[in-house]
Amino acid sequence: MKSAKEYLKSIEELKIRVYLNGEKVDSIIKNPVTKTVVDAMAKIYELAQNPSYQDIMTAYSPLIQERINRSVHLFQSKEDLEKRVKMAILTSRLLGTCNYRCPGCDILNGLASTTYEMDKKMGTKYHEKLINYVKWVQKNDLAVSGSVTDVKGDRGKRPKEQDPDMYVRVVEKRDDGIIVRGAKIHQSGAIAAHEHLVIPGTAFRKGEEEYAVAFAVPSGSKGLTYICQYTPEDAERLAAEDQYQLGNPLYGIRETCMIIFDDVFVPWDRVFMCGEIEFTGILVSRFARTHRMTCGGACKVGFGDLMIGAAQAVAEYLGISNAPHVREKIVEMVRINETLHACAVAAAFRGMEEPEGSGIYLPDRMFSNVAKLNCAEGFWRLMALLGDICGGLAATMPSERELKNPETSEYIKKYLKARVSAEKRMRITKFIQNWVASPHGVGTWHGAGSIEAQKIEIYRTVNLEEKRKLAENLAGIKD
Amino acid sequence: MKSAKEYLKSIEELKIRVYLNGEKVDSIIKNPVTKTVVDAMAKIYELAQNPSYQDIMTAYSPLIQERINRSVHLFQSKEDLEKRVKMAILTSRLLGTCNYRCPGCDILNGLASTTYEMDKKMGTKYHEKLINYVKWVQKNDLAVSGSVTDVKGDRGKRPKEQDPDMYVRVVEKRDDGIIVRGAKIHQSGAIAAHEHLVIPGTAFRKGEEEYAVAFAVPSGSKGLTYICQYTPEDAERLAAEDQYQLGNPLYGIRETCMIIFDDVFVPWDRVFMCGEIEFTGILVSRFARTHRMTCGGACKVGFGDLMIGAAQAVAEYLGISNAPHVREKIVEMVRINETLHACAVAAAFRGMEEPEGSGIYLPDRMFSNVAKLNCAEGFWRLMALLGDICGGLAATMPSERELKNPETSEYIKKYLKARVSAEKRMRITKFIQNWVASPHGVGTWHGAGSIEAQKIEIYRTVNLEEKRKLAENLAGIKD
Amino acid sequence: MKSAKEYLKSIEELKIRVYLNGEKVDSIIKNPVTKTVVDAMAKIYELAQNPSYQDIMTAYSPLIQERINRSVHLFQSKEDLEKRVKMAILTSRLLGTCNYRCPGCDILNGLASTTYEMDKKMGTKYHEKLINYVKWVQKNDLAVSGSVTDVKGDRGKRPKEQDPDMYVRVVEKRDDGIIVRGAKIHQSGAIAAHEHLVIPGTAFRKGEEEYAVAFAVPSGSKGLTYICQYTPEDAERLAAEDQYQLGNPLYGIRETCMIIFDDVFVPWDRVFMCGEIEFTGILVSRFARTHRMTCGGACKVGFGDLMIGAAQAVAEYLGISNAPHVREKIVEMVRINETLHACAVAAAFRGMEEPEGSGIYLPDRMFSNVAKLNCAEGFWRLMALLGDICGGLAATMPSERELKNPETSEYIKKYLKARVSAEKRMRITKFIQNWVASPHGVGTWHGAGSIEAQKIEIYRTVNLEEKRKLAENLAGIKD
Amino acid sequence: MKSAKEYLKSIEELKIRVYLNGEKVDSIIKNPVTKTVVDAMAKIYELAQNPSYQDIMTAYSPLIQERINRSVHLFQSKEDLEKRVKMAILTSRLLGTCNYRCPGCDILNGLASTTYEMDKKMGTKYHEKLINYVKWVQKNDLAVSGSVTDVKGDRGKRPKEQDPDMYVRVVEKRDDGIIVRGAKIHQSGAIAAHEHLVIPGTAFRKGEEEYAVAFAVPSGSKGLTYICQYTPEDAERLAAEDQYQLGNPLYGIRETCMIIFDDVFVPWDRVFMCGEIEFTGILVSRFARTHRMTCGGACKVGFGDLMIGAAQAVAEYLGISNAPHVREKIVEMVRINETLHACAVAAAFRGMEEPEGSGIYLPDRMFSNVAKLNCAEGFWRLMALLGDICGGLAATMPSERELKNPETSEYIKKYLKARVSAEKRMRITKFIQNWVASPHGVGTWHGAGSIEAQKIEIYRTVNLEEKRKLAENLAGIKD
């Protein structure tokens, strides 16, 4: 497995076209914003080599019969799923931001399950190609980024009723491979990955075969352009002279980008779906099922732990940690967070091999969708409660640079101290601001799919017929 | 194991002093209200002998090396806990009311865990006595009812600052046993059990040793009086000529009673705690932990399935099952219900042997308390949503007797029909009324302890120190 | 104006065909269930003659130039609307149930506004007929019940796609009047009114003219049959030997009935709409607008005051009124209740003459619909909180008859006492049960229309275009 | 009255010591961040001279018998209060941020009411001094900023148990005036006002007389230092080359500062309270009562209108405005917003002269506190719903500078277009980001006091005794 240093070196060598705030990024390792992604990724490599985390961060791969980074593992059991949950919680707790490896990991598993079934039913050879790809990724310990969400354009129209490139599609099939065009958006950490694994973002219908395409391309392939997000938090980081004046000093907020596929060539051995529209919905649903467990019930639980911890810290600093209303709010935060957690744990433990014989384990479809749906609502509530306990300073705090300004520093030290120094209080307050006055709420809501997507999955999963009959039976209603 | 018939016979032979609506109940098997309890209990015995449910309803007891009713099992593993969850869901789905066996079962386990620790730390012999008692119960396949909640009197006062009998207590210690006095309240189904297992309802302090008492007494022991609840639903049942005009025809609503202990004698071999105040809190917490998983995340999930099923049924009957707002509400009901379910599944799977070496498995303390807390809020919401879909008729429906009234029956048949006959619609509507216009909301809220009790347990369980340090660490705050 | 005694006499003389629980009601004044309606109605007459309430309960009618019962007043100003709000709160506070006069009052006003406009636009003469009718009602101080909700049958079908009588309709037009057929449901207190005012329950379309009918008929007209609701609370009341063992001793729960119109003749001077489909939606909306202010923001606020009062009472009885969590819950109850109240007050104060020149004042359409929508959700929450504070006894209390049972009364007195006697505690607990374990939740939700009806009105009322432009303008977006 | 130009000139002449991000601000008119405050203030002056807004933005002052800016008006009637509400909504709709005049206005009224009572009861002369001050302010049309919130330090300690300067206090009384020391925080727009009106932030007790101080000082007085907040949004604005790449281009987010009072001299004629501890609670409560109506039920309603408008705009741009779930969410946003609105309207209309004879009108205490409490919760919900409709782009959008970057602009134009151009969509998305990923949630929660402050006021205002008696009476409970 790669060390963090080896990872950094491998990334440094990539030549990729990245833009941020209207300008080209010369070095993603040096630019203060893109650097947070690289550092978070490097931390994942580092954790995998830390003996105390090895059981969680790595797995034994039966494919290459070696210990591997769990982020590129195909889940073989319920225990694997449970450790997947633990890994996401752990990394969130230690990074305070995206670990940037989840979508890739969850797509690998969704694809493995789906290609197995495709091959069985359609006589295709996708599964074998995918397994070969996975082996290569595992052996070289590569970071694989996942690409799902299309830009969509006018959502009231099908792909072909508008500019046909609003969903990534095959524009040409050649003997040696395919040419793809389009753009994927909200790609967390894609700039610092070695590989991109691309799948459809929705189910497609007859006549839309060109959109039913799944494939892998190396980062920096010809035709790829990355355009980074630009938020107020990014602007603040670019302007900061000292990252310790920022809310999550080392790792910042989740950084995403758009990836433009401008007629990119993909050889056939990296194509895992090409035209099989009937499997697009299945693939998306299986990926989503794994990803919603991870996002809704694990990643955000780690964040929740940090928010609860920050609430407790600031309450102690302010001298209010024993006030009944503060305890009540802390308990409410814990209730929300552990509810999400329980959904993921249940999803993992009720996981199952799917399809039978594939050897791939997917979490329970109901619980994973419920995890994410609860998370969307719950996370905003965590924000509100944390903001309540911290007080208005989370919105109105002066810059920590004032601590070094001779004309104001004595005022700040005197008037912002509490049970602790002004510096400590400002640090936790800035950390809290990063959670409560930032893109976290809306990002959490939409990450792993909007709530309507989860509702549809829940409606499809629930057995209403069975429940109706139970009720009718007890009510004494016969057919 | 007893058959339902054998159970009925054994109950018929009990001579117990039961009062309902100001009158003595001559036969609890014949009285229309108490009969629902007996019938529900009998159904549990029946299910245990039904091969399709055997894996869930029965267990193998290592104590007597036989298959037993799971309701008197001491849990030996996480799988046992998971099946405990499944059993509660199953019985709720089939009864539509309390199965009346949960508190007894959960107290047995809480006591087994606690007496093991007591004996270890205090050199007492409670565990051995309890195990002997459990063996006897298992061999004779008895129904054991659990008694926890004291009447409490003035809650602003400690037990000895008021009438000292407001909490069950030892009034005399004799060579052969103890004399207990007091009353337990909210005792679900106690009238139809063979045995009562009594534990303290709260933690007691130094000087309150007389209240630290746990014991078992046979139903109908000298000095015991049972005073049943009397609700509008009970009145309706007493007045009904045909139980099929009632909301849950066969099994009704949960029936509880007060049990008065008027100087009841308990021999020493049935006393499992006597004065060990330091273990009262532990015992209550361990019982509650098991019981909150069962109540909040299993029993009510079975009810929720019936409510969802009834919502779907009535929506189909009315021709609105495809309206977007109806689907949205069904999904919301499912989300709530499966969230509770997930909490229980997670509590079971994260269960653990406690104390180590005892062989007794208890569910995860956090998840079980969260299950019940979510349930308290969630159940009212299920009621509101079911009531929405059913329409105002759930509150305003005429009696089903009108269907047999020659002067009104044609009107009713004509004007209350929908996609189905008026009769069918009235049946499902009455069933729904039983859920949405009944004691279910407040009963669910308080069953297994009020929400404040759960909040206290959650606050005690969460590791705030660890979370605070994680936050401070990421924020760059050093000591 | 009629005294309560005169009202009772006038009702006694009515010969109406009323059925309850499958049997004919001989005397609605004597039957324990129907009597609660009569008594509540009588109380309204009594309050109107009580000098302390005169300003609220009566109004000066410019039509007959006399002081009248406000329940038959046409609102002339915002102050009238505000007093309407106060009247509803007052009567709810004093009755603890429906005052049974609201729908009639609110329909009178909706009709007056709509007939004025109809006559203007269509050249009809409905308004004059209505005003004459109102004068007659005012002079004779009659109780007018309102009938709106049709039974609807299959809601997936239009009226003529199914049994055409599922909505009240004109089956024959004659020289002297019309013949109507159908049934109205959820008619609160209709059995104890002198008059029924009937309007369409929804908007009708071209081809459905027979359903666009509004008219008045005297109670007990030929062809009218009343079939009462039958709930567990009704059963309990029928069985009770002493009404003081019931939850709301004097006035019970809201009693409704179905009214069957079996080819009822209505003379032309009592027909206020006949075929004008384009005004059905307007009429329903104007009625609803007034009624939702009254129901959602006034009637239920009076109930809320009783629930808050009961919560405070039981908290004091139990010795917990100063516990922080109890105070928090009381405040939450007050917040909810005063929010509903504010919506009604705002609806009244922002009321307006509509149509201009009509002299009729209607409340603000947005605020009144918001009042009802908030109420639907808020009322369930009030129930949950009240149930929390009361404790499980609200579900499990023995009959108060036990207090008179020599074999149990000492036990009950001893074990159900708190800071007050068992009797007092049982009385408040039974009163609370009446709110938290009864049809109130679902009845409040659907009364004045289901939440979907309010949502539609809100969507129609809001000016999205204006708001969109404000946003675009600030965002710097030009066309 | 001043024109916007005259205002700007008057502000330019002020010499005040302002710091932002660790540096001195040379010109608050030119600095991109402080400029937004000045521009918003100028807009208020401009609106007051706009004939279409004159009725709302100005008032007739009986004190100077001239038309004045309503922001410095003493409310003479319920109509004045209602126009106060309308003014706040209007300015929020047109600015999309704080109008910076509310606290000053609401304190003027709270002080006028309280000093009237103080003088009556204590024989002091504060009211006359205050009226003279108000006349001078009105004649010169000055912007008065209000200062309430102390920095507080350790909230577990009273002011004198810690550094005594954690609450603003009198450190010296001289013949000609007093010397004050301390700091006020969260001061919205204070840097661009002419005057600061300072009152205690909480109730003080015997022995804490030095903290019971209210006074006015001119902006830029000797000893005053202003330290501005520094948020990511401020950083982004400082870095932006074109304000139209920002979320609320012209007026930005609410800008606040700390004001340090480093031994500032205040002459006696500007001191309006000095030592009268018994009136500190009253003063805070009366100010809060007015301010919570304004903040919770008016200012935020204007913001809500913008959020609803932005939701509708982006839904139309994306082609989803007719999806049922989008309509449902828009309706939910409207419900929340109009609920807050109703609370303020009711608070204004139920306003009253207080104390009698003072001529000063204050809004209803219950409704105003309820307005703010509902707003705290409601605003986060508006954010969540707006974020839902906009989609993840609110978190992940690239910089609008990409539109001018030749290497990326074609990609952006192609892939971010929807039913409208990429530019339009990006503009509304950035505007939305300003609401959903910014300090608005936590700022709204704490503005006008934390929710606990409102809960305390509600508990003090509600008449529980009356409600308890109503419940007991109906339940048949006699003393």
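Labels A, B, C and D are assigned to the chains in the order they are written; within every chain, residues are numbered from 1.
Here, a contact is a pair of C-beta atoms (placed from the backbone, for glycine too) under 8 Å apart; a residue touches a chain by one contact, two chains touch by 3 or more.
Nothing here was measured: the structure is a model prediction, and the numbers come from that model.
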item	value
Joint neighbours of chain C and chain B, given as chain labels	A, D
A-C compared against A-D, more contacting pairs	A-D
Rounded Å distance between chain C and chain D, as computed from the means of their C-alpha atoms	40
Distance between chain centroids, defined by C-alpha means - chain A, chain C (Å)	51
Centroid distance [mean C-alpha coordinates] between chain D and chain A, Å	38
Sequence positions of chain B contacting 2 or more other chains	325, 328
Touching residues (chain side chain D, partner chain C) in the complex	93-96, 244, 248-251, 305-310, 312-313, 316, 327-328, 330-331, 334-335, 338-339, 341-343, 345-347, 349-350, 366-367, 370-371, 373-374, 424, 427-428, 430-431, 455, 458-459, 462, 464, 466-472, 474-477
Touch list for chain D against partner chain B, complex	324-325, 328
In the complex with chain A, residue positions of chain D that touch it	19-24, 149, 151-157, 163, 165-166, 183, 185-186, 225, 227-233, 235-236, 238-240, 247, 254, 256-258, 260, 262, 318-320, 325, 376-377, 380-381, 383-384, 387-388, 390-399, 401-402, 404-405, 407-408, 411-412, 414-419, 433, 436-443, 445-447, 450-452
